[in-house]
Structure formats: structure tokens, C-alpha cells
Amino acid sequence: MGVSDMNLQGVLDDIVAELSPRLGEGRVATYIPALARVEATHFGIALRTREGAEFRAGEAGRAFSIQSVSKVFSLALAMRIHGQDLWAGIGREPSGNPFNSLVQLETEQGVPRNPFINAGAIFVADRLVSSCAHPREALREFVSTLCGEEIHFDEEVAASEAATGFRNIALANFMKSFGRLENPVEPVLDLYFHQCSLAMSCAQLAHGMGFLCADGVNPHDGRQVVSHRQARRINALMLTCGTYDAAGEFAFRIGLPCKSGVGGGIVATVPDRLSLCVWSPGLDETGNSALGMAALESFVSRTGLSVF
Amino acid sequence: MGVSDMNLQGVLDDIVAELSPRLGEGRVATYIPALARVEATHFGIALRTREGAEFRAGEAGRAFSIQSVSKVFSLALAMRIHGQDLWAGIGREPSGNPFNSLVQLETEQGVPRNPFINAGAIFVADRLVSSCAHPREALREFVSTLCGEEIHFDEEVAASEAATGFRNIALANFMKSFGRLENPVEPVLDLYFHQCSLAMSCAQLAHGMGFLCADGVNPHDGRQVVSHRQARRINALMLTCGTYDAAGEFAFRIGLPCKSGVGGGIVATVPDRLSLCVWSPGLDETGNSALGMAALESFVSRTGLSVF
Amino acid sequence: MGVSDMNLQGVLDDIVAELSPRLGEGRVATYIPALARVEATHFGIALRTREGAEFRAGEAGRAFSIQSVSKVFSLALAMRIHGQDLWAGIGREPSGNPFNSLVQLETEQGVPRNPFINAGAIFVADRLVSSCAHPREALREFVSTLCGEEIHFDEEVAASEAATGFRNIALANFMKSFGRLENPVEPVLDLYFHQCSLAMSCAQLAHGMGFLCADGVNPHDGRQVVSHRQARRINALMLTCGTYDAAGEFAFRIGLPCKSGVGGGIVATVPDRLSLCVWSPGLDETGNSALGMAALESFVSRTGLSVF
Amino acid sequence: MGVSDMNLQGVLDDIVAELSPRLGEGRVATYIPALARVEATHFGIALRTREGAEFRAGEAGRAFSIQSVSKVFSLALAMRIHGQDLWAGIGREPSGNPFNSLVQLETEQGVPRNPFINAGAIFVADRLVSSCAHPREALREFVSTLCGEEIHFDEEVAASEAATGFRNIALANFMKSFGRLENPVEPVLDLYFHQCSLAMSCAQLAHGMGFLCADGVNPHDGRQVVSHRQARRINALMLTCGTYDAAGEFAFRIGLPCKSGVGGGIVATVPDRLSLCVWSPGLDETGNSALGMAALESFVSRTGLSVF
């Protein structure tokens, strides 16, 4: 059955109904005040087909802190600018370790395993700092163009990240000690902390990820964001590395390329068909949104839209 | 374009032609004599569509030692017998470590990360020993049924594995020391060493994996081998964990569920469409068949048949 | 004050009195039945000066399973036979990891850090198997000569070790997989399990270790057991590596070369002065005898006999 | 033979003569310019007996960068101020890992193994920042008092350490991320980088370490620096943890408490008898002064003054 024949609005509504008794599950991230004060009971979901049809349910229009979901945007921008050269300094393998671990980085001489662990995203930020005169603004504009509307940083969140991000400061200095960063640590972390602070809604994220199910083309303006092959490769990285320590579990239970953030957002793509985003701030012990994962599992079960 | 409209024989012939200048690349596994004396120049490829059409090129009919490819069969049999209970003692995440590493096993108290690293396959073998009166024979019959013809162990290979498999003996005893095996180490390793010794051709393996692109149904007899969901989940595990340390690289460059063995074989599935197998004994530094990986990359490039 | 001027019998008696309210502290090792059925309340202590004066208190004459204390004897015998060549395949550094860990062994390609972790003792056993026609008997005779009386294996303990020693079997096979053992695994482990099963009393162990405070000379027969320099080096290894994960703690609180075993025995040497042995089966969380450690701390505090 | 009966000047002269053909061995540390421009051919040695006799040979009066040797001073000062409480947040065991490793720190939740690895010294610096109004000056005065003369920082070295010390910045932020530091990272690292920059000669260091062989009493003014027991414990820590990855090797070959620095200095104590210092900037592959280690081995061999 083609996506255009499915009652996708009904699917989203059913998911909201199915999960409503579970609202509030999981634990909200507390390491910065702006995240800690978000209620665990929020839930939103939105999807956008390749053809441009949009569907929303729950709080799909409410902005939240996208956190690590931003790693997809920064990677896409870096792949667009640096092409194949980007991969000279970073791997493409699952790490098998926590997202903020320094162990593997020590064993592997400062080369991050993939762009979706923190060390990898800091590496990507370093390359953007090298190639962009105003890296923060360049990233913000890139995301805005993908979404078809202006997207903004939450400066309170960015400041909190900077003030408490000792682990990320450690990661950046550790890579610097191995000679893996081209720039001083400060501007690299400034970009990294800002990208994490992007405030976006499920609907905006479903838009912004649309190029991943459309051969790399921005559905808003028809321009090539990344090549067809690069878009497929970002999907592959999301599936193998996009959800912290639970990538295998996501593949096993959901079977879609996903990228999650500690703000409770998860974006997913059904290659060639649609992009979607779900948000619920309560996290499970793997750091992924508990209801977000349940919603995606339900979505795949209801639609059969898995890559496997 | 549907698979039935493709000139799949032409695709396979083109791949053989494309790779013929590279025959002999890579290094043949040398840890047992029976593998060491195989020429690196062999190359075969075979595929079978869900509908039953078969295509072959190169030495598609020549038997080789399937080694770790057998982990797909033993996992399928164990999932069929034990269902969800199997997962109580084993994970589903990429390990991020070499296939025969003991490090993670120590940190994680003897629980293997997934069924495709050696520790995980030994765990699966243990469960088969628990549930089968004649585990070796049960596995051999299971594989034969999937292939529609009798498949056999290579007893010379099995004996060599047993005589030199100190690392696997260490792994099994290590898990036993954590209380993770139900049976004595000897019969578990006997099954494990035998499954690795199965001798099969590309054509046979493409047949034998047919259930993975057919909702779990054995295309030879129409019987349900594993459930539809279980078949999808095996595909997911193959994509995230099936190719040693190079699972991310396979996903990035090929984008299909694959399982490789040190004998030089790689099986792959295009979910809902076809199963294929390529064989070339020369391995790259990740332990995967060098030309096998190149052939799969060429296949995906020529057909567009990637899951992403 | 010289040792000959001290009231050493009084010191030992005072230690017994001091610790009597604490008898039963710690947890007896339970991994084999013969150890598990020993009461935690035993306590014995014995010392022997370089000049041959002997002092005993508590159950100093009761035999117990010396377990890892035996690693001092096997090392001394291997150093005597192989001299400097022994060190080609084994390190002399503290491991920083549990005594039975496989992690470091994997990172360091099967070369044990030192002779007092299990992997190192198995390496030493391998070299003894290489050089002795009847290694078990050779070791037993060596120990008997040091003690001036016949010492025996406890065959029940040895059989239990063999039947349950999966971790040690894993260690031996792991080293074998790196090509670090000259002999098959079985005879090496047979020697290792037997040396652990030696049954000796505190008085016998204080005798048997006498060569370590006497320039390497057996005080019973005046023969050179190992060279003066070798004796000093064994003392150094005991201080840096002799007490599992607690070597730093022993040095900090006691300051004497010590070697402990899970049977609850600890031998210690005061270089040039005396050797002593304390036994109490209750272990602390580091695997060392809880009261044994307390007794040694009290001994040093009462006599000032620390190397620092 | 008592120390007062030895011809210690002759011993030092003989050592200088013995090693003169080897001057220039090893590789000078190059990570900061001020260290890199020191010639490898320097060699100095000085000792001071408990009774106050002093002996010097070679360039015993020439100042060099003491680097990690300073960890003895900062530890002594912190033990003096904080007593037993210091040990609530830091271990006393050899690490088994490189001095600047982050791996163990991650596994052990930010608690350093001992005060002589970099993480441990940063922890000690943090406590000094907590307890001293002017921590830099407090440390400088403490060292000056021990030496009986004014000692100074080399501000060029301190600035270079700060500008290039990414690994140490990473370590401090990593511990901070685990909540293990009481103060902001900056003042802690400021103290740490300054202590490493202390410029002292062999003669000054032999003086400054005199309290370690004199029951904790400053031989210059007769005041108790640390308790007798604390002095013994610092010696114990030096022996088990003082020479990077080579503590076992130092114990085995030399058998004295030692602390080395990448500037090429090594201090050693013969408990109750004397303190000594040797300096030669060429380092071996363990990061210890190559000729310094040779000199200490020769010293022990010539005098028999080992603790074992």
C-alpha cells in the first residue's frame, strides 16, 4: 500500500489515543534548568510525506530543545561543504559506548567513532568553524532554509550548556590534545552548545528533515541540500548510530533511521516516503524519549513502514 | 522499478566483469589449514527473488566454508524455538569491539552484546543444546530444509576449529564463569564449531536466506520458519551487527542487511524482494570479503536496491 | 632496636588478644566446597627470624589452603630454573585490574602484567611444565625443601578448582590464543590448580618464605634457593603486586612485601630480618584476609618494622 | 654498614664516571619550548643524609623544571592541611594506566587512583585551592621552607603548560563533570601548572625531600612537616605509584621510593637514612629519566641501600 493511500491522520490520532494513558512516563533531563522545568506529560507528533502532505497530532506545534537532533543538521551542512573529505577525521561505526564516553577516544587517538556521539559532533562543529565565517549563523540559516521559516537558538539553554558542560569541554580538550581539532576549543564549543539549543516543534523538525526522504532535495525550494547518495548515507548513520546506546534496539523494534535528543525529541525517516518527528520529554534509561520510542513502534506496527 | 522488471542476470554478469581485474584481492584466512589452502581468486554470486527467480554468475555453485554466516541460521532456529525468551540473556546492540573480544564481556558480566559476535553465537548454541536432543543434527536439518537440499558439515574444518579455537574456548569458559551457559562448555562448542564448518555454495545460501525476504516463510515449502516480525528483526540485527567492526561502513556504503564470514561469504537481503550471496575468499582488514563488499556496493549502485 | 631485642612472642600474643573480639569478620571464599566449609573464626600467626627463632600464636599449626600464596613458590622455582629469561614473556608492573581480569590481557596481546595475577601465575606454570619432567612433584618437593618437611596437595581442593575454574580455563586458553603458552592448556592448568591446593600452616609458611629475608638462602640447609638479588626482587614484586587490587593500600598501611590468598593466608617479609604468616579465612571486599591485614598493621605498628 | 661509614662522595663520583659515556641517552620532552631546548647531556646528582651531611656530583646545583616531582610537595601540604579527610576522594592504588589516561577515571566515576597520576594531582590541587587563600604562594612557601631557601616558579614554563595542556584541561573538566572538584577548573589548573613549573636543583630537591627520611621533620628547622606515619605513607605511595607506568620496574630494579618528572628529575628516599635526587633530561620510553634510573640502580648496587 502506498503512503498516499494510508489514513495517516488517523494513524497519528490513534497513536495519541493509545499513549495518552502513559503520558508522563520516563524522567525529564535535569542537567540544565531550562530542560528540568519542562513537564514530562507533553506529547506531540508530526509527519510530512515526500509529496508535501502534512499531519499533526498532540502538541505538534510546540517548540522544544532539539539537543542532539541538531547533529543531523550540522552533519548535513558539513557534508555539503566538505564532501568526502569530512570522513578523513571521523569514523562511521557504532561506538558501543555511552554517547559522552572518553574511553574509546583515548584508545583510538582522538578519532571519534561517528558524527552522532558528542565527540563526533564536536569534530563536525570544528570543521564548520573552519569553513564558515559566522558558523552559528550559518547553521541557523541552514536549518531555517530546510524548514521554510526562521528557527532560533534559545540563548538561555545555550548559556546553561556552556556553564555546565564540563564533559563536553573535556571531550573537546581531549580531542585537541590529540591534534584532532583545527580551531581553538572555545568557538567550537560555542557552536556546539548553540546547535543543541535550537528550539523547534515536531512540525518544524518533520519539515526540516524532509530532504532525507527526498533524494537530498529541500522540498521547500527544490534545491539540492546534499546529494542523493549523501542523504541515503545520513539515513544509514541514523539507523546505526542515531539513538545513543539503543541503536540496535531501535533497529530491532522500529526499523527506521532515527535521531534522538535529550530534550525528548526523535526524528525518523521512511526513505523515499516521509519524515516524522515525535516529542515527549520523559526519557528512558537509554536517554531516549520513552513515549517517543513507543510512538514510533506503534507507527511502524500500524503502517508497516519499516525498512526491513 | 520493480525487481521483476530488472535484468538481474545482466546485473550479476556486469558485476563479475567489473570485478574480474581485481580477483585475488585481500588475504585468505589462514588460522586453519582447510581455509588457508583456498585460492583468493574465487568469486561467485547468486540471488533469488521472493518470487523464486534465480540468477547466478561466477562460481555460484561452488561450496565454501560459511563460517559466521551460520550465525543467521542458528539464531533463526533459536528464535523459532525460544521466542522472546531468548533475549533474556543476550543483547541486541552493536558491540563496537572486535568480534572475538572478551573485554566487553567482562565489563558486562558475561552477557554478549548481540548474537553475531562470537560470544553471542556461543550463547545461542548453548540454548540450542538445551532444547535439542541432537543439536548438531537439528541445525543441519534446519538449514537443509531452508535450502531444499541436504547440506553437510565439513568435518575436517570442524576438527580444525576445535583444535585451534583457543579464543572461542576462552569465550565459552568466560561466559560459563559468569553462569551464562546452561550446558557444559564441550557440547556447546561442538555445535558452534560444527555450524561454522557448514559447506555451502552461493546459490544454496541465497536459497537458505530466502525466508528473510519473504515474511519468514520458507519459499520451498510455504511453511513459516519464523514469524514475519522475527524475520524483520533478523534483518535489523544483520544491518546493525552482521559484519564485524564494519557494520556502520556496510550500512553507509551498501545499505542492506548483511552477514559475513571469514570463509569469504556474505549474504544480504533486500527486504520483501530478494536474498543474495556473494563469495570471494580474500578478506580486507575488517575481516570481510574484499570483493564481496565491492560486489554488493556495485549491486546496490546498479539496482538502487538499498533500504535507505 | 634490633629484632633480637624485641619480645616477639609478646607481640604475637598481643595481636591475638587485640583481634579476638573481631574473630569471624569478613566472608569466607565460597567458590569451592572445601573452602566454603572453613569457619571464618580461625586465626593463626607465626614468624621466624633470619636467625631461626620461631614464634607462634593462635592456630599457627593448623593447615589451610594456601591458594595464591603459592605463586611466590612457583615464581621462585621458575626464576631459579629460567633466570632472566623468564621475564621475556611477562611484565613486572601492577595491573590496576582485578586478579582474574582478561581485559588487560587482550589489550596487551596475552602478556600478563606480573606473575601474581592469575594470568601471570599460569604463564609461570607453563614455563615450569616446559622445564620439569614432573612439574607437580617438582613444585611440591621445592616447597617441602624450603619448609624442612613434607608438604602435600589437597586433592579434593585441586579437583574442585579444576571442575569450577572456568575463569582460569578462559585465561589459559586466551593466552594460548595469543601464542603465549609453550604447552597444551591441560598440563599447565593441572599444575596451577594443584599449586593452589597446597595445604600448609602459618608456621610452615613462615619457614617456607624464610629465604626471602635471608639473601635467598634456605635457612634449613644453607643452600642458595635463588640469588640475593632475586630474593630482593621477589620482595619488590610482593610489595607492588602481591595483594590483588589492594597493593597500594597494603604499602600505605603496612609497608611490607606481602602475598595473600583467598584461603585467608597472608605471608609477609621484613627484608633481612624475618618472615611471617597470618591466617584468618574471612576476606574483605578486596579478597584479602580482613583480620590478616589488621594483624599485619598491628604488627608493624607495634614493632616499627616497615620498609618505609 | 651504617650510612655514616660509607664514602658517599666516592659513590656519587663513581656514578658520574660510570655514566659519563652514556650522557645524552634518551629523548628530552618536547611538548613545551622551555623543556625542548634543554640539552639531553646534563647530569647531576645530590644526596643529603638524615644527619645533614651533603654530597653532590655533576651539575647538582643547576636548576631544572621539576614537573611531576612537585606532586610530592603538593601531596605533603594537602596531607598536612586535610589529614585523613583527603583520602575520601582519591585512591592509593597503582593505576596500571598511563599517567594522563582518562579511561580509568571514567570507569571509576571521576575518582583518581592515586595522587601521583595527573588526575590525582589535580584533585590535590583542588583541595589546596579550597583551603589556601593564595594557593600558589602557599605551595611556593611550603617548598621554600623545606629547602631552607627561596624557590621560584618559572613563569614561562607555567604559561606554556597552560597554553598547551589540553589533556590536563580535559582531565580537570572530566573530574568536574563527575562533581569531584570543589572549585572552578581555572584556579585549580593555575595551581597545577605552576607547581609543575617550579625550578629547582638536585641539591635543593635532596634538601626539600629530607623530611621523608626524618620521621616527617623538616631537618632545617626541626618542625614537624607531616606526622611520622604520614611521611612513611608518602614513601609507600612513591614506591607503588611514583614513576608512571614503571613503578614495578623501579621497585624490581632499584627498590626505593622514587618520584620522577618529565623534566628528567627523580627524587628517591632511603627511609630513615637519606634523600637523594638525580637529574638527566633524556627520558626513556616510560617517561622516566634514562640515566636517572641507571644512576639510582648503580647507587643501590654500590651501597646496598634498598628497602628490600
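Brief remarks on what is shown
First chain written, first letter: the chains are A, B, C and D, and each begins at residue 1.
One rule holds for everything that comes next: a contact is a pair of C-beta atoms (placed from the backbone, for glycine too) under 8 Å apart; a residue touches a chain by one contact, two chains touch by 3 or more.
No experiment lies behind these values; they were computed from the predicted model shown.
Least step count on the touch graph, chain A to chain C: 2. Judged by shared residue numbers over all numbers used at their interface, chain A and chain B contact each other through mostly the same positions, with over half in common. One simple way to say how far apart two chains are is to compare their mean CA positions; for chain B and chain C this gives 48 Å. Centre-to-centre separation between chain B and chain D, using Cα means, comes to 56 Å.
Look at where the CA atoms of chain A average out and do the same for chain B: the two points lie 32 Å apart. Residue numbers of chain B whose C-beta contacts span two or more other chains: none are found. By the touch criterion given at the top, residues 101-103, 106-107, 166-167, 169-174, 176-177, 185 of chain C touch chain B in their complex. Across the interface of their complex, chain C is touched by residues 91-97, 104, 113-114, 232-233, 235-237, 239-241, 245-249, 251-253, 255, 257, 271, 306-308 of chain D.
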